[in-house]
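In order of appearance the chains are A, B and C, and numbering begins at 1 in each one.
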Amino acid sequence: MKSHTEYLTFNVPARMGFLNITPQLEQIVRTSGVKEGLLLCNAMHITASVFVNDDEPGLHEDYKAWLEGLAPFDPSPQRYKHNRTGEDNADAHMKRQVMGREVVIAITNGKLDFGPWEQVFYGEFDGRRSKRVLAKVIGE
Amino acid sequence: MKSHTEYLTFNVPARMGFLNITPQLEQIVRTSGVKEGLLLCNAMHITASVFVNDDEPGLHEDYKAWLEGLAPFDPSPQRYKHNRTGEDNADAHMKRQVMGREVVIAITNGKLDFGPWEQVFYGEFDGRRSKRVLAKVIGE
Amino acid sequence: MKSHTEYLTFNVPARMGFLNITPQLEQIVRTSGVKEGLLLCNAMHITASVFVNDDEPGLHEDYKAWLEGLAPFDPSPQRYKHNRTGEDNADAHMKRQVMGREVVIAITNGKLDFGPWEQVFYGEFDGRRSKRVLAKVIGE
């Protein structure tokens, strides 16, 4: 069994934003030399996500508005007890649970085995600082 | 390390619906010959889910009503910017995030290593057309 | 390829609660002898979750209140059809979907490859009884 691990770093200039990281992951699979296996890709921070969806700017705006409705940003300690610790990002911990921590993607014939519109995104919910993403390939 | 990949196709006649795909996955594990390993099963479309829960029709009706409350179907371009592209399925992209893209299931002694009520479902949120699901087994 | 499987049992005395299970998983990785690979950890019950987030009590209270808002406990058969079966836990099946069934964590150099604040939790949404969690390591 082969394995290959890389760490990517992203710094989203806004509190919330989505980056298409598919090209980086495709390169990691090529570097790994794995032809049949799995790619795990996860946010290493707990106010960020890695998820698979569509690269359509209108949809990304919809996601932002929808997540803001489900878990509104509110730095006050009244709404969120987490913000009594000096943090202001309790909402980001919730948004990340809705969008997920990680994806596991099949590698078939040396490539990410995607459906027609699948693209991988880094989802940031408490940005304006550098955060890391882990990508690990295992297989043969 | 062994690997085995299959693609399943489903066509749900309604906009939203859930199909129990556990028997197909059990067959795929048998075909793979893997005794110890992992099964990845994911929707290949971004308005569909694969998830594990209970095969109880009342619960499935509850899921539909609950998801409709969290992300209502609305083909107009007013509520969802994604629907300005000519699509009408922005809500389906959200419902899929709540229910998830994929499951990873342990294979132990040649079988899916389930708890007492675990069953795997294909979740459709923009149906009435054929969509694919990927199942990949790795292990030994 | 090596593999190693363990089953953990938890009994949360409240309906909803979160337990940090990171130490148990670290021990399982050591026992497995795997240096490079993946750990799958999933709830074996469909009203419970395994998820990665922060070990901060205020945040856990926020999660409880937030999940209760998204899917309120209501044992009556009026709100949830699932509760017409004699169950009272339809809400727990929804809370579990928001928080997720499983996590897949990279093992690098013989350790769980975590970001600075990542901790693994068992999330219980219908407690006061014993439930199992599966942990499976594959790799070399």
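A few notes on this one:
Following the convention adopted for this analysis, a residue touches a chain if its C-beta (ideal position, glycine included) is under 8 Å from a C-beta of that chain, and two chains touch if they have at least 3 such contacts.
For reference, the UniProt names are A, B, C = Secondary thiamine-phosphate synthase enzyme.
On a predicted model such as this, the values are computed, not experimentally measured, just so you know.
Contacts between chains leave no pair untouched here, as each chain touches all the others.
In this entry, subunit B maps onto subunit C through a rotation of 120 degrees when their C-alpha atoms are superposed, rounded to the nearest 5. Rounded to a whole number, the gap between the C-alpha centres of subunit A and subunit B is 20 angstrom. Shared interface positions of subunit C, i.e. residues touching 2 or more other chains, are given as 1, 38, 70, 98, 100, 104, 138. Interface residues of subunit B facing subunit C in the complex, by the touch rule stated above, are 1, 36-38, 51-54, 56-59, 61-63, 66, 70, 98-100, 103-106, 108, 113-118, 138-140.
Only residues 1, 3, 5, 38, 40, 42-46, 70-71, 80-85, 90, 93-94, 96-98, 100-102, 104, 132, 134, 136, 138 of subunit A touch subunit C when the two sit together in their complex.
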